[in-house]
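Shared chain: chain A. Partners: chain B in the first complex, chain C in the second.
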Partner chain A sequence: MTGETLPAARGRSAAARRWGRHLDSTALPWLLLLPALVVILGLVAYPIIETIWLSFHAGTDLSTGPFVGLSQYRSLADDPDFRAALVRTIYFSVFNVVATMVIGLLVALVLDALRSRGRLLGVIVLLPWAMPRVASGIVWKWMFDAQYGTVNWALNSAGLHQFNGYAWFNSGFSSLVVISAAWIWQSVPFIAIALLAGLRSNPHEIIEAAQVDGAPYWRLVFRVRLPMLRPLLVVLLVMSTIWAFQAFDYFFVMTVPPGGPDHSTEVLSLLTWLNAFSLLQQGKAAAIAVLTFVILAVATLMYVRSFREATE
Partner chain B sequence: MSVTNGRSLRRRLRRAPLWLAVAIICVVCLFPFFWMLLTSLKPNSDIFTATPKFFTTTPELSRYSSLWSTGFPRNFLNSLIVATGTTVVGTAIAATAGYALARFRVPMRRYLLVLVLMVQMIPQVVLVIPLFIMIRSAGLLNSYAGLVLCYLPLTISLGIWMMRSFFLGIPPEMEEAAMVDGASRLGAFFRIALPLAWPGLSASAIYAFITSWNELMFALTIMQNSSMQTLPVALNEFFATYYNNWGGVMAASVIFSAPVIGFFLLVQRRLVQGMVVGAIKG
Partner chain C sequence: MRMTSRRTWLATAVTGVACALALAGCGSGSGSGSGASAQIKVWLGDPVSPQTMPYVQKLADQFEKTHKNVTIQLSLLSDANAHQQYITAIEGNSTPCIGLVGNTWTPEFAGLGALQPINATAAKLKQSYVASMVDSATYKGTVYGYPYDVGVRALIYRKDLFTKAHLAPPATWTELQQDAVKLQSANPGVSGFAIIGGNQWYYLPMVWNWGGNIAAQQGGQWVSGMNSSAAVAAYQFYANLLRVEKLSPSASANWQGSDADQAFALGKVAMMVGGSWDLQAILATKASMQSQIGTALLPDGPAGNNDTFAGGSNLTVFKNCADKADANSFIQFLLQNKNVAHLTSSLGLFPATLSGVSQQQAPGGAFSAPLWKTFALMVPHSRSVPEASTWGGVEGSNDLINAMQALFSGKSTSSTMSQLASQINTQLNSKTN
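And now, the complex of A and B:
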């Protein structure tokens, strides 16, 4: 790299080159960031503010009405369907997040124990994540079909005859059981693979030292290996909470009508969409969306805090 | 790690629970795929049986061919256009922003990174109402561009993080050498850094493709005209209309799932690597 071989720079004066270098270090990064910032500010930040603004207005037939202050929120507080949906969303999220984390950890430990032989299993584990939720929702509904479903057949064959012809989608609770099964099936893969990456990052020396001390397997996992992954665990916990709060597709596809029977499977995300685009109550929908956002913002704060702890 | 060479019977027995767990995991993960495929191929007389039939001797392909005469090919094309558009635009945005955040001392870089991360945390229901209003007033309802615009916020955040971590893994000396040889900063990016970051590029592209191919809520909102509907919306409508035609619905589901599953299998290791890096570093 000597000074005489500068083919690309031939014909450019030294001053122009210097000016070019100056632009490269000041303007270029912003030029490169510009499209991303336009998307983040225009298609994320502005819509959030707009949603908050809309929630203070009356809105019907997808147009924005007069300012009504907090009355959307006040009527939500008195709305039994909304309160039921809020409680249902929280139960659904807590149960499914815990189940996903526990199952994800077990799958990660199996993959970890297999070491390099677990590569194929790792791919198999991730397949449910890639499957479109509309398709997997339909398949799960088919597997839980009252008359011809494989699940009822298996339960009946196992001696649980009360499941012979059991119609899972006739009640809210049993519908939620099926939706949860599908949701967990779809969410475990990412959690398991992320935890596996974390477990693999455990320093060998510490594991070996614990093994030499004769620590049994589960104590090794819970006292030595998982505590080292605390930042990752918090991140995954909050991420899966946000996924659970956002769950929409399975509810929309599997319940008839969406949120049914008789509003018994309505959750906040579904309620927002139905109010906005089916019942055409834009202001109410915006208020529900804002409340969802506030609940999840608390979780996001935890996420950012754990990010700081992880980097320090 | 204690590795004993003597493979005693006791040791093998101790591994038995592990292999049992492996078997359970395989069955639970794969059975829905198997059941979807099998149901789509079984004749109706084998589908509607009190005891499920786990194989068929007379597979039927007629359901797949009859999908051709419906609106399904058009929906497939719509999905392909929207997912490809999102992938190209989203990956370009992610690559440039990821490079800027990896290589330049941008003021407030730390806050920019957190900002990008927060985008990933925004619930989609918060965005759907204003994005619908914006896209309607721009006259972009029932257009590919309108839906692609909705999908950019869902895909670029993880894309930027993945690209940034891949660029950080490339030694900057290579670009510096190119610049000493007279390449511009941008030239070094396009000719040196971008080709080297190819694994990251493909991972974030596939992530964008899978996300936009599978998405239902925005597609439902933006594409109201049946000729513009993407596959998730069309499949859901098909399912709601022909509720008892399980074989036909499963054939449609297979067609819908096949491209993303194929793409996923093609690049799974890189994709997983990129996503996990995003989650861990985040």
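And now, the complex of A and C:
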């Protein structure tokens, strides 16, 4: 009785098994992924879609307001404060990303050369990354204080008397110099440690082969070691650009009023915050945020494309 | 096995639902008027701080003892985020029952329809409270909050330097400028007058002193007077103290009050406009300076007044408070002079009641000494900013500060002030007032 099964029942159970296998191979992975997907969509996709949606609305005060199409974007194109902030953000980002990558690479090469002797130095180098930006912003502001700052004291002591009582935060340019210094100081550690990890992963045989061939140190670095790190460099460039575009804390903490004096340090992130939370112009703020997102997406695509072209 | 699993599942589900209900109960509303017990949520901000919060908690405990059915739940908002938290709460209909809100925010929240009107007219309240603070709580003729505390500014000066130079405290802004020049030249390393360019409250009232106004309603619209000759002259006068007369370090174009306090305490400033809290900060930094410091009424401008801004906070009841009667009882309890004065005097501020101000300057009061009494005498000379629900945008945009900084840097006065007036008009009329 137990050994005999009807052909129809045998067929059904085979079909059920096939269906079960089909479910296992198609639906089960999605079912397992579902909780994570819901979280990702809720935390990432929903805010992005909502921001894009809001940018097509009046969005003043506490309400979404009527649909206004592209008028927020058109008014931004005519807004001299926005245009100035956009140009300033691009200058700030280009300068700081390049400076951070160069300094980060130099630090990574030094740490790589020191090998195990550089462990303590590696920890010290990482410290600025661990420091909260608001706290470090306040410290940097004190350092550059016109009357009591150590920077003016040091420059004055070195014979540069024009810096005696020099007010760094009285002009947009000198304010941006200080903010850039603080931003680079804070960003270099991560870049340096990431590049160090990349350099340490270079295959020894290839490096030794280049050394045997008599390649000088810098040629070895630029022609052999860095090309092997291209994927990492692209990722770091993308991340640095995004961070530079989103730089907010140092601008907010160091300048008075935020973005001052007289709007001379306003960048896109600050302008977004100012419109969203100080002026309650949510629609305009959303439009600035969307444009920032688009600019960063284009920059990322350009990086990735240039990387592909270089590797093909 | 299957039964056990079903039971476990059922038990888990029931427990989950119960937990969800419990959590929902914990987070419900901002007060419950039904049943035997009512919870009053109170959001506190400036002038209450982590240091003074235990005192307010003590008051809440006292109130609960006499109101057995009421539970007071206090929350302290951080200064930096308070406005944003209120706006978010109003949008999400999750406001507290009571809010201690900045006086310039009160018309804004009233305009958003979030506040419960007070059952008294402005005229009636002005018999008991500082008039400028009642104005600050008034929106379209209706009062939406009880004034809690008030702070005003006066002239803080170096008495020893004035005595040495045979000078009396200046009675007018012109005299102040002349005295500052003399003091600066007679005392190398000392600035004649501290410019506080990063905070509009230290110079915006000069527009009133020159006979101008910040904005006024005309035909249902707000029209800024910042491009009037009086306002232009007032802003230009202040800018020239730094740009032309160089009576303050160049970095003071970005100074906040605390920067001027620090410079004064280090003996590097001869005069400054400062609040009683500034004087308190100076003496906290250098108590030995007390005998060297004098205070005087603010100098008059060409219009013959020395009016200054009334800073402070109002106690408001939000519309969605389910137990407004108990909320109002708690507010009246907090407003008792003894309860307010204990907190405000420790911060160098006044209770906003007229009797409270009188008590503070009477013998034995925190403001009875000549050095402090000046501030009490300045209280009647205080005014409020335009009672527009959109004033928050003017403050938030920092246009008033940016315009002054533009003048410091030498930009054209007429175009800067015209642009400022236009920006204020846009902000104030950005919705129906």
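One rule holds for everything that comes next: the second predicted complex is superposed on the first by the 262 of 312 C-alpha atoms of A that agree within 3 Å, B and C clash if a C-alpha of one lies under 4 Å from a C-alpha of the other, contacts with A are read in each partner's own complex, and residues count from 1 in each chain.
Assume a contact is a pair of C-beta atoms (placed from the backbone, for glycine too) under 8 Å apart; a residue touches a chain by one contact, two chains touch by 3 or more.
This one's a predicted model, so the numbers in the text were calculated from it and none came from an experiment.
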First, second, both or neither for A:60, with chain B first and chain C second: second
Contacts of A:146 with chain B and chain C, given as first, second, both or neither: second
Which superposed partner A:99 touches (first chain B, second chain C, both, neither): neither
Which of chain B and chain C A:170 touches, first, second, both or neither: second
Partner chain(s) touched by A:51 [first = chain B, second = chain C, both, neither]: first
Partner chain in contact with A:261 - chain B first, chain C second, else both or neither: second
Chain B versus chain C as contact partner of A:293, first or second or both or neither: first
Greater residue coverage of chain A in the superposed arrangement, chain B or chain C: B
Touching partner for A:274 - first (chain B), second (chain C), both, neither: second
Chain B and chain C footprints on chain A, overlapping residues: 62, 145, 147, 256, 277
Complex contacts: residues of chain A adjacent to chain C: 60-62, 145-147, 165, 167, 169-171, 255-263, 274, 277-280
Partner chain A, residues of chain C touching it in the complex: 83-84, 87, 90-91, 112, 197-198, 249-251, 253-256, 263, 268, 392-393, 395-398, 401-403, 405-406, 408-409, 411, 427, 430-431
Residues of chain A touching chain B in the complex: 1, 5-10, 20-21, 24-25, 28-30, 32-33, 35-37, 39-40, 43-44, 46-48, 50-51, 54, 62, 106-107, 110, 113-114, 121-128, 130-136, 138-140, 142-143, 145, 147-148, 150, 153, 185, 189-190, 193-194, 197-198, 204, 207-208, 211, 232, 235-236, 238-239, 242, 245-246, 248-249, 252-253, 256, 268-269, 272-273, 276-277, 282, 285-286, 288-290, 292-293, 296, 299-300, 303-304, 307
Chain B residues within the chain A interface of the complex: 1-2, 18, 21-22, 25-26, 28-33, 35-36, 39, 47-52, 92-94, 96-97, 99-101, 103-104, 106, 112, 114-119, 121-134, 136, 149-150, 152-153, 156, 160, 177, 180-187, 210, 213-214, 216-217, 220-221, 231-232, 235-236, 239-240, 246, 249-250, 253, 256-257, 260-261, 263-265, 268, 272, 275-276, 279-280, 282
